[in-house]
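Across the two complexes that follow, subunit A remains constant while its partner is subunit B and subsequently subunit C.
Up next is the complex of A and B:
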């Protein structure tokens, strides 16, 4: 895999004694669409603010393009090279759509006029309307337009699809995918919507209480996790001590239901060694993985 | 273009779903030897899929000899699938006769399907444990 575009090690951040990040490790490969998943308050926005240099960590490292996000000069360089959508979708309220586009464009030499025209049309944004008069959904679209038209090699998007209706979400996802396919842009986006992440991400990190609890390629995670249904030959009263990796075990009579996070083959072999047992394997969805870990914490 | 129906929320990796559907299209004759598949960019935009997912599906299909990737001109169903289609046709008659015999034991459709799937699962677990870990 190529060099990471974003990398954090043991990132810590507290606000007034409340720990927002408790040792976050992230590794975002170049060219990936990376879904940063977590419940509200899990630490997603704090992480993004640290990456953009809007906040300083209490401990640990954060690097974007190999540059230290904690260094003031490097941070300017990072912001110049990143297309960014903030959680607040805060824009100058007195400017019109047209004005904010021209204003933002003036900062970025690689600005893509073709893209800003295209998205104005696609997202149906009224050029002469003031930002203060835009709906939340329109503001989200406008921020996405500004981030994409940058011509940036990396997009960092904090809840980019927030406030969009399902049709607009699909449009936005399609544009992100098209951008990745055409330009090889790396896209790092946070979301608490599993469907958005599952649809376009090839890598995910699930963050909870400020630390990564699951991270990796989505295909690998789906291969690694499996649900097993075992029907035992006879009613075994004594509890079975399953091999490591059998995270969640439910037994009812002769039927055992296991959610395995690893060592699936070893667990299957163990089940087979029980007299008369039959085993079925089922795929596990990201939702099940997410819920399993969220409950455990 | 044939319509692919993918379910991103299923536990099955999307590249595998895509591979299955292309194979199915070849088996049913919807795609024939020499037919061109959409470019990676087109397919990823049409289906709103990660382009890396399409790349992976195409690469694995190439590895299995089902498609050929020609540099600069895209992906094509390989000529060798014509032979494979003959094999599939032969296999179909085997499955048909096995099914007829099962039905003569008055098995229901569901029972027959479960038996078949169990045996497949069994086989897969055996090959998995023999082959050790991949990747």
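Up next is the complex of A and C:
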């Protein structure tokens, strides 16, 4: 496994007694496209703010590129190598698109003129227009342009597609994937849109109540989780006690639907041992995995 | 580019204060008193101007300090969303540099506004030109700028943890407190920053009020360090 670009260990953070993070362990491999999922208030934005040095943890540690995110000097170095899109998508309203590009460029020696030209055109951003006159979707695009164009090794994007129309979302996702493939940029992004995450992420972490409840490569998770449809040969009067791993069991008549999170083969064998039962296996979507954990917690 | 950003954020406010200052002082110059060409009468009249400046400028400066630091809420606490402050904080710049740039720019702008006073005296009180040299006026401007640094830093400090209206109110109270404290009989008049901008200014003494300037710079440094501490420990 590649060296982690982001690593947190037992990260804790509370606000006025409310625990936002309760021992978060996170490991984001270099070059990955890492989807960071969770319900509202799960701790996604708090984690991102800790990584960017906006907040200080109450316990545990957070490292980006092996540098302590809590150290002021290291945090400046981290930010030099990170492209960031905040949840708010707010930029300086009194600047024009052209001015904010020149302003941001001055802080990053590795600025890529070719990329900013490319994204200005792709995102159809008018250079002379003031930021106060841009829609939220346009500001989202502009923030993406600024984050990508400075040649960052890591993009930290908090709900990057927020405010974008479906076409723009497609464009943005396609560009992010291309960037990761061409430049080896690591992309760490939070999103509520599970379809987007599934479309581009190769790793995911689902966070709930400030702790990671599911984490790993998307392929592994999809291999681990399966939906089983079992048609029983006869109505069984006694309830079936399924082996461990059958998380979500719904029975209607002789049809049983199971969302299995582990021990899939054992569950299949158990089903096949029932008189006259037939079993079908279906792949699950990320949405199903997310909803299962969200309900469970 | 942080200087450029700061200038874009404060230029209209600075322009407003410049226009106010020009208009205010121009109005005073048009009074019959200003037409008196006798040196003692003129000096007495002009002595009142620095006094006025000593009173008004600290208040204006504290307001300017707030605007310099907190526009777009870069470093200021604010209820709810922080707007563009997350973008600013995501730049590879230390919080020291952010604060120092804003404070430095604000001081330069303040010095620019303060330059109106000697220019005004030179322009409207032609009779005084035989009694005051250009270097007296320059020294007066330097004195004003340095003495103003304490008040400016007070504004900077307050703006790091107070919202708009509270910052203005406490700034005014802070200036009044300074005035009261420095006027106490047990303190030597040489440390009175307000006197240094008025009756003890180089316009009348033809020398720098070193003690007051030192006190002002010391106070400014302490307040700036306090502001820096607040900004560096703050969470956003």
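Here is the rule we go by: the second predicted complex is superposed on the first by the 296 of 297 C-alpha atoms of A that agree within 3 Å, B and C clash if a C-alpha of one lies under 4 Å from a C-alpha of the other, contacts with A are read in each partner's own complex, and residues count from 1 in each chain.
One rule holds for everything that comes next: a contact is a pair of C-beta atoms (placed from the backbone, for glycine too) under 8 Å apart; a residue touches a chain by one contact, two chains touch by 3 or more.
All values reported here derive from a predicted model rather than from experimental measurement.
When both complexes are superposed on subunit A, subunit B and subunit C fit side by side without a clash. With subunit A as vertex, the superposed Cα centres of subunit B and subunit C define an angle of 150 degrees, given in steps of 10. Within the superposed three-chain model, A:281 lies in touch with subunit B and out of touch with subunit C [touch as defined at top]. In the superposed model, A:11 makes contact with neither subunit B nor subunit C. Legend: residue contacts after superposition of the two complexes on their common chain; A:222 is shown touching subunit B, with no touch to subunit C. The larger set of touched subunit A residues comes from B, when the choice is between subunit B and subunit C.
In the overlay built on the shared chain, the residue A:200 is in contact with subunit B alone; subunit C does not reach it. Judged by the touch definition given at the top, the superposed model places A:174 against subunit B, while subunit C stays out of reach. Once the two complexes are overlaid on the shared chain, A:246 sits clear of subunit B and of subunit C alike.
Looking at the shared chain after the overlay, A:56 reaches subunit C, while subunit B stays out of its contact range. The overlay of the two complexes leaves subunit B and subunit C separated by a minimum Cα distance of 27 Å. Taken in their complex, subunit B has these residues touching subunit A: 8-15, 40-41, 44-45, 48-53, 56, 117-118, 121, 124-125, 128-129, 133, 135.
Within the complex formed with subunit A, the residues of subunit C that make contact are 1, 4-5, 8-9, 72, 81-84, 86-87, 89-95, 232, 235-236. Within the complex, the subunit A residues that touch subunit B are 31-33, 170, 173-174, 177-178, 180-182, 194-195, 198-202, 218-220, 222-223, 225, 265, 268-269, 272, 278-288. Residues of subunit A touching subunit C in their complex: 49, 52-56, 72-73, 76-77, 79-80, 82, 84, 86, 88, 90-95, 99, 102-104, 106-108, 143.
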